[in-house]
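Below are two complexes that have chain A in common, paired first with chain B and then with chain C.
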Partner chain A sequence: MRPDLDPEQLDRYSRHIIMNDVGPEGQAALLDTDVLVVGAGGLGAPVLQYLAAAGIGRLGIVDDDVVERSNLQRQVIHGDDDVGRPKVDSAAEFVTGLNPDVTVDRHELRLARENATDLVADYDIVVDASDNFATRFLVNDACTLSGTPFSHGAIFQFEGQVTTFSGDSPCYRCLFPEAPPEGTVPDCATAGVLGVLPGTIGCMQATEVVKLAMDYGETLEGRLVAYDAAEMSFEEIPVAAKPDCPVCGDDPAIASVADASYEGRCSLAED
Partner chain B sequence: MHVTVEIAGEDTHELEVDADATYGDLLAPVDLSPHEVSVLVDGEHMPTDQPVEHDHVRVVRLIKGG
Partner chain C sequence: MQIELRFFANFREAVGQKTVHREYESDLQAGDVLRQLSEEFTEMDLFEDGDLREYLTILRNGTDITHLDGLETALEDGDELSVFPPVAGG
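Take a look at the complex of A and B:
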């Protein structure tokens, strides 16, 4: 941990530093934490905003998409001039412009079985801000197999979910063992999403990352929060370990991401 | 058998089901498909082909978007 904050950092992070429960040590912990954010879209935007502002020392951004005009209703780190640009470039510029303390790693690629293990191994905490089941299951498996804590968020229309997995047990597959058949669960592109919804859920994910980095407070480990923006209600659902979970169970069938397929149902690989 | 089906973030339903009903059988009456949800008892996922052994379940939707 770096205890030596320079005068500019003492000023920039002064509202953190004056808090008894954060202080210079907590800020130094944030500056010494490496976070991988998978997805620079609806959820990734507020996550990156607040983690950059908080002074997370290194932010990795994974995304293989380009900015589209239809993204701008909710993806607040991208602007109209960014349409057509890779999201990792637009996001990296935003982060650097907000806080030059933050080192940004741009990963303009899709998280895949071939790169997930190495990518995750290079960071302390991972944020699942993805928009598809293949990536969600891959993030879960790579993080759980490596013991890396990660924040999970998901959004749909007026509804959001957020939880935190410690990298041990339970994991996302304890809750959802397999992905649904293709086309059975609609996405935001076809069913829509309230523009401010990812702001709420993404800020909760960023909050969880900040607490994990500072080793402070109670995370959402073992609890999933379901948020209904239409009713402005929050509900907490316990999440328990599944003894026969294929990743974190008593006799796991998936010992590496090579053992699973990340297409279709995201179940065991056939080969 | 009387079962309370609580859909996270949504409504709660009171159902009367056959003694040999499965957890999957609890979903059609509340207009849900087994593919789009997880049925939980005390936080633990219940396979939808397993017979219902609890009088209260929570159902969590599988959400894709980000």
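Take a look at the complex of A and C:
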């Protein structure tokens, strides 16, 4: 790739460019990468902040929620004046205000079986910053079936988990084949979450995306980091491919997102 | 022999602590420990019709037991058994 940076970009990204391991080529790669961020909430906020600042060329933002005051304790791209506004609008404004280099695609919708495949196909890397199992399984299936690398991050009270999937095997379903029955694993709204926790996990997700875009370093492929903010500990859990995985296994039952249901257990569709 | 039991996310809430050290008789399998926990803590709903619930990840010394011998995975003195549910928050 020909590093074709204008004088303003040479200035803006100078701290990247002077690094031997990034350089103008690395920065040009970031500017040439299209990333889809699913969720503009607790995880999506730091992900969007750092990917925008890093000069990811195009950022797609998927969210169908509006900003609520109870979001502001952790969703740092939205302000008090944004309460009641669509999160995609508030997030897009933040990104453009930080870095006009970035093209923003606002997708004010819920990721669904009907739109997931086409949306994912339009981007190089996907970030799962969603807040529910249905979306998480859909992101996994659409990305794994299309070979799109994606970053997984999830949070619960003081605990977070983060890993990276290459779009091949293993995938999220190798770790968790199906979703728990509704109500068994509480979400942020019912269980609460330490406000700064998604900052830590989201920054790790953004780090992984930047490395994937520059094809640099060791990503979290094949290992999941479990973070405990209460004791400030990180541990690694190996993620291995399961031969009977319904998506990336030897004889997969899910060959398209149409084969699965994304309600309830996120397993095979009844029909 | 002693086993270190480790709980994540909502199971940590159910047990009330992150780590528990327990004494067991020898000839112990992962399934024995998990069934006992399931009976002891009502919120640890680990089984469905006798099988471990699909959405759980159980790790013996960091390795998913489905890559070992499943519920029949033998445990030894000093082993660590972790109960790891998926979480969705974001």
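The working rule: the second predicted complex is superposed on the first by the 269 of 271 C-alpha atoms of A that agree within 3 Å, B and C clash if a C-alpha of one lies under 4 Å from a C-alpha of the other, contacts with A are read in each partner's own complex, and residues count from 1 in each chain.
In this text, a residue touches a chain if its C-beta (ideal position, glycine included) is under 8 Å from a C-beta of that chain, and two chains touch if they have at least 3 such contacts.
Since the structure is predicted, the reported quantities are computational estimates derived from the model, not experimental observations.
For the composite obtained by superposing both complexes on chain A, the positions of chain B and chain C are in clash. Of the two partner chains placed by superposition, chain B and chain C are both touched by A:Asn132. When both complexes are overlaid on chain A, the residue A:Ile17 reaches neither chain B nor chain C. Of the two partner chains placed by superposition, chain B and chain C are both touched by A:Ala226.
Residue contacts after overlaying the shared chain place A:Leu212 against neither chain B nor chain C.
In the superposition on chain A, A:Phe176 contacts both chain B and chain C.
Legend: residue contacts after superposition of the two complexes on their common chain; A:Leu36 is shown touching neither chain B nor chain C. Residues common to the contacts of chain A with chain B and with chain C across the two structures: 39, 41-44, 128-133, 136, 153-156, 159, 161, 175-177, 180, 184-188, 193, 198, 226, 228, 237-238, 240, 242.
Put simply, chain B touches chain A in their complex at residues 8-10, 33, 35-36, 38, 40, 42-45, 58, 60-66. Of all residues in chain A, those touching chain B in their complex are 39, 41-44, 128-133, 136, 153-156, 159-161, 174-177, 180-181, 184-188, 193, 198, 222, 224, 226-228, 233, 235, 237-242.
Touching chain A in their complex are the following residues of chain C: 8-10, 12, 18, 45, 53-55, 57, 59, 62-64, 66-67, 82, 84-90. Interface of chain A with chain C (complex): residues 39, 41-44, 128-133, 136, 153-157, 159, 161, 175-180, 184-188, 191, 193, 198, 226, 228, 231, 236-238, 240, 242, 265.
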